[in-house]
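What follows are several structures.
Common to both upcoming complexes is chain A, partnered first by chain B, then by chain C.
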Partner chain A sequence: MRPMRTVDSPGYARPLHPGAWWLWAIALGAAASRTTNPILCLLILAMAGFVVMARRSRAPWAYAYGAFLKLGLIIIAVRIVLQAVLSSQSQGIHVIVDLPQIPLPAWAAGLKLGGLITWEAVLIAFSQGLQLATIICCVGAANALASAQRLLRSVPGALYEVGVAAVVALTFAPQLVADAVRVRSAQRLRGYDGGRLGGMRRTAMPVLEGALGRSVELAAAMDSRGYGRTTEEAVGARRLTAGLVFGGVLGVAVGLYGLLDASVSGWLGLPMLGAGCLGAAAGLVVGGRRTRRTRYRPDPWALPEWLVVASGIGCAVAFFVVASRDPAAAVPPYPLDIPQVTVLALVGALLGALPAVLAPPPPDRRAASAVNAEPATAAGEEVAT
Partner chain B sequence: MTTAAPPTRELPPLLRLRTRSAAVLAIVSAVGLVAYAWPFVVSPGAALDTSHGGDAPWFFVILLPLLAAVVVAELSSGGMDAKAVAMLGMLAAIGAALRALGPGAAGLEPSFIVIVLGARVFGRGFGFVLGALTLFSGAMITGGVGPWLPFQMFAAGWVGLFAGMLPRWRGRREIALLAAYSIVAGLAYGMLLNLWFWPFAAYAPEVTYVAGDPVAANLHRYAVFWATTSLGWDVPRGILTATAVVLAGKPVLGALRRTARRAHFT
Partner chain C sequence: MIVFDRVSVTYDDAPAPTLDTVSFVLPEGELCLVAGPTGSGKSTLLKCINGLVPHFTGGTMAGQAVVDGRSTRTHHPRDLVDVVGYVGQDPVAGFVSDSVEDELAYGMESLGISPPTMRKRVEETLDLLGLADVRHRPLATLSGGQQQRVAIGSVLTTHPRILVLDEPTSALDPLAAEEVLATMQRLVHDLGLTVILAEHRLERVVQYADQMLLVPGGGRRVRLGSPADLMRDSALAPPVVELGRAAGWSPLPLSVRDARRRAAGLRDALAGCVAPSHAPLAAAGRELASIRGLVVTYGATPALRDMTWRLDAGEIVAVMGRNGAGKSTLLKAMVGLVKPSSGTVRAGELDPARSRASQLIAAVGLVPQNPSDILYADSVGSECVLADADTHVSPGTAAGLLAELAPDISKSSHPGDLSEGQRLILALCIVMTAAPPLLLLDEPTRGLDYGAKRRLVEVLRRLVASGHGVALATHDVELVAEVASRVVVMAEGEIVADGPTPDILATSPAFAPQVAKILAPAAWLTVPDVVAALASRSAS
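Presenting the complex of A and B:
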């Protein structure tokens, strides 16, 4: 058996691979997509929030979960207003309030303003909105936990150039805001205090010119360090890439047509689409081989990463089993009943919360800021062979 | 190192759109359009209509990132040199910073001006990648990555692509053309982007997607939905971008073209 490495230990402080956080969050979202049971949705929401609180770093994006929670509240509110208050669908028998109704023009038939509002309509709208909000918040958990710049370092080789451009963008965007503040305070020192519109223009143009000048300097610096030198690609490999990408995309298009049209035979649908996706993905991999690069300090994928992904998948599997075995617990048929909760669903939700102890704790603030500064050099780290 | 500006008025595009890339872009764009508009084209009894009824929108949420990766890789495989990468990164940084300042508040999308003007100067292939990358970096900075991101990236990519394909007018006509395009693009962007979550929505029957209904009926319901919910955001977005183009278009275009000439070293 392989000896245990330092990176395998859950106690060793290091940022977890961002891909692991994303897979875990997507699995939790998939679990939430199986149920409209408000208790289960709230459980998933709480578990994701618990993991975020336990394992987030102190980077600026680590506070994204709160913003996603607010977005979730807006989703639920809009849903209730549109579905329970404005819709003239049959609503149920338990009336909350009977508002005076305002007649609407004919083109808006089906809408109503005022009228009966019932508990059934409000509760159905609430639980459906809560499901969507839970899925969105799972994505928000990934936003809060995973560093975008670290994720960009593991893009496939075919996306290398665009990945570098994205790193450049992420590195310079905060600097541009600082530039704008600097330009504005310089103008204030010179005694300029014009209107808002003129002020905008006077700030924007120097910032833009500065950014453009910097891009030329950056390009020259990258050129002089041998950026973009690619090995000569064999004709066969190029044709293989072209064939895979082109065939794959065509397969996706044909498969999609098969899924949308009822009159074509079954193999044109999902199988064709799957083959097309595989072809396109293979094209990405093969196309990435045209440049061979070494990675500077690659993020390890060790035991904690596997455990985090496994806990997410375990949660999703539990919810899929509940949805197929016990539909009444996953999608409560009658909104006014207290929703049932099965043991399996509880176990699944708890499985999803395990990364709070399984994932390594994030490094402290000083180490975290050093890590954040490091991808700025990513543009120059390439070693061409 | 910097050579004198070439005598030609037209600068070569930073990212050459080869025939193969253009074909892949066309097919992927068609698939992307279906990802928005599938509620209108799905036929009753088809696989997406019945067995995957509630899951069809998620299906496209999974499919689109792969397609976006493929088309961006394909567009950049023709050899993106350091200048294209640096310019792309810097313009996307400006767009992303603008997005971080006003992240879609009241539908204002200030990054559109960067996408439209950058695509105008550096060409359509660059425009598509610029649009997609601007939205991507903006979402990364603000922590706004979600199922909506691939849809936004495609729509913004198209905004850049078509901005790079506009007729080559110069002077005042160019500014007027770009301003008019900005209004159209702002409206079309909003109209497309509502579509990705429209089938999720079970609102009032008059504005909700009904699987299996005739196209015209669903189109009418969508039009009512768009007019009552989103139009108030889309019109200001178009008008704001157009105003910005009229006010700042000339100096910004000038700065971009000057940089393109300065960067014309090899």
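Presenting the complex of A and C:
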């Protein structure tokens, strides 16, 4: 057996590979998609939150989980209002309140205004809303634990240009929002109360001008730092790459269509999907060979990454098994009963929380006190509205 | 190292060439300062060096620029990465990643440098620029000076032999600016780099420069020479040079140290005179704004802690302090752009956070850091018409004000085509349309040349003479020395000093203007003060 490398030790402080965090979060989300049992959903939520608290860094995006939790609350509230109050379906027999009902015309079948509101409807809406909120919070956990930019840094070399475009787009949207806020508050400085028709144009013009200016500036900065310096290469190789990738993606699309549409003959399904995947992969390999870029300190993929992904997958597998063996525990049939919890589901949820120990601690924890006043000014833009 | 051979650049739709047959040869290992009024083509000249002009900006280029034997005609900016490092005006706009180390490595990744070499160079660069303790921090959490040093480091890692910087210190407080300039010195002296930088605030840079490239604009010849020679008759001159001219020193001193050695006689001559007190014009004017126990927090971080302050008519108050000290927050609180967590703010009779914008503008106006934020119409004329409509004053008020303060601005031009200084005056006119008695300005001199600054000083003096009150947040000590009657120094959201300008500035190591440093311990602040005192002395 070879000796254990340092990067394999869970106690060695380093940022975990962002891909591992995303796979773990997606697996947790998949687990949540199998159950509407509110206790299990809350368990997953709590476990994801626990891992975020234990392993997040000091970066600005590390506080994303809280925002996603708030979004989850809104989702639950909207769901309850829409389903329990406005929908005429899925009502039960335990009445909370009987509101006066406004009759709606026949074309609005399925909708109601007022009328009976029952415990069953509210609780079903709550647990379905909670499921959705849990899945979204799993994405939030990935966002808080891994920088999206870092994830895009690890895309294969052939997709480098696409990755850069995605990074630029990612930074562009929040910038645009910050600009809009700044410009709108600046309009107040002109003594403009807002509300008139010109308001939109007033904000849009400076924001768009600023955005255009900034993208030109960024492009110039990237060019003057060597972006796109792929030295002389054969036109043939480039065409081969493009052809392989394009053909591959087309194959994948056709294959998926074949798989999902029962009316299409069988040979269009799996074989086409496989061929498409092969083509795309070959394209990436050939394309990756032509770029002469090197990568600075790529994130290693070592034992902790495997363990984190395995814990996520373990959680998902446990929930899938529960859902097929014991449907009543995964999707409680009677909303008024206290939902059952099986041992397997509990074990699964606990598996999902293991990265709080298995993942290495982020390196910048000790530098926490060094955060200066600068982020406050950035946050100030939001407060100012 | 850099050879410009009859280079002319004409942008599309421009009536005249921005650069007109510029020729010069810059040898290796020099620190060259590029100076000139705004709009004279300094940035264009810098961009010619690494080929951004014309490859990126468009326009027509005649002649050729040759850098280390490579002509920019045939080489794109990306092909010159290993020769020229270019840092643009706003370092944040040029960042392509989100952490310090990744940013430093980006250029090397593009060049395909091997990982061990990359690692070594990143470590060396972190040490060279003093960034080792922030290496893991996200770029957004760095201070302005640190961001500027990261931007410089990110181009240094490809080991260029020329470093080009466009206004590297314009957004920085005096001490952060010195930090960046000291770094530059080190690069020139220890590594033998050729550094070319453009700067408006000559007082910060001119003593470090070996060569100076004067770009006068308006079709006049570009001149290359030693700073001492060029400063003799340059229209742009820092206070130390103007003092040297007034005192008749030859050769002219460029640094405070040189001037102090020469100034013994001048100090004696001024011994009997009393330095002017820069007192407010209308003493004890009525109160325009007051702040009591103001606390503003962003999340959990307090930006202002328990501020108590007042501002009267007839005074110009300068708010100073390092980046992030709470200067902008203070101004924003006074116009209701940030809500106080506790405490009261009064602008006239109004509570800014609770008043309608159209009412508030009659009591207090703020010109934001970036004047373009409040401009959006397609011509100066319609901008004025809209300002009248917004503030419900009689049509023509804004246009009248503009004609009075800046008669040279054409009504039909697009606000985007104005110079920085003109845009500032236009924004100021729009804010002043409703005649608020109190005017606030946030960093008004960023990107302004000496001429535009002088214009701003005149405008502010005129406003104060007619009974207005002015507060400005700024890093520009020379502007403060010239125009302010009172200075407030802030740190960590608190006022640490508040008093008449000479008392605060003359004794401060960071905020003392050049004249005060030269003539210390007497509290002289500006060249005109000294000249007037000398004149009255020789008259009597």
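Just so it is clear, the second predicted complex is superposed on the first by the 242 of 385 C-alpha atoms of A that agree within 3 Å, B and C clash if a C-alpha of one lies under 4 Å from a C-alpha of the other, contacts with A are read in each partner's own complex, and residues count from 1 in each chain.
As a convention for this text, a residue touches a chain if its C-beta (ideal position, glycine included) is under 8 Å from a C-beta of that chain, and two chains touch if they have at least 3 such contacts.
Everything numeric in this text was worked out from a predicted model, so none of it was measured.
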{"item": "Which of chain B and chain C A:Tyr334 touches, first, second, both or neither", "value": "neither"}
{"item": "Which superposed partner A:Ala220 touches (first chain B, second chain C, both, neither)", "value": "both"}
{"item": "Most chain A residues touched (candidates chain B, chain C)", "value": "B"}
{"item": "Which of chain B and chain C A:Thr294 touches, first, second, both or neither", "value": "second"}
{"item": "Touched partner set for A:Pro206, first chain B, second chain C, both or neither", "value": "second"}
{"item": "Contacts of A:Pro363 with chain B and chain C, given as first, second, both or neither", "value": "second"}
{"item": "A:Gln128 touches, of chain B and chain C: first, second, both or neither?", "value": "first"}
{"item": "Touched partner set for A:Trp306, first chain B, second chain C, both or neither", "value": "neither"}
{"item": "Partner chain(s) touched by A:Leu189 [first = chain B, second = chain C, both, neither]", "value": "second"}
{"item": "Chain B and chain C footprints on chain A, overlapping residues", "value": "164, 167, 171, 201, 205, 209, 214, 218-220, 222-223, 227-228, 379"}
{"item": "Residues of chain B touching chain A in the complex", "value": "1, 20, 23-24, 27-28, 30-31, 34, 38, 41-49, 52, 55, 58, 63, 66-67, 69-70, 72-74, 76-77, 79-94, 96-97, 100-101, 129, 133-134, 136-137, 140-147, 200-207, 224, 247-248, 251-252, 255-256, 258-259, 262-263, 265"}
{"item": "Touch list for chain A against partner chain C, complex", "value": "59-60, 147, 149, 153, 164, 167, 171, 182-183, 185-194, 201-202, 205-206, 209-210, 214, 217-229, 292-297, 363-364, 367, 370-380, 383-384"}
{"item": "List of chain C residues in touch with chain A within their complex", "value": "50, 52, 55-56, 76-81, 84, 86, 88, 90, 93-98, 101-102, 105-115, 118-119, 122, 133-134, 136-138, 140-143, 154-155, 158, 298-299, 301, 303, 323-324, 328-329, 332, 335-339, 356-358, 360-362, 365-368, 372-376, 386-387, 390-391, 416, 430-431, 433-434, 492"}
{"item": "Partner chain B, residues of chain A touching it in the complex", "value": "33, 61, 63-64, 67-68, 82-83, 86-89, 107-112, 128, 132, 135-136, 139-140, 142-144, 148, 156, 158-159, 161-162, 164-177, 197, 201, 204-205, 207-209, 211-216, 218-220, 222-223, 227-228, 230, 241-242, 245-246, 248-250, 252-253, 256, 258-263, 266, 269-270, 273, 277, 280-281, 283-284, 287-288, 290, 379"}
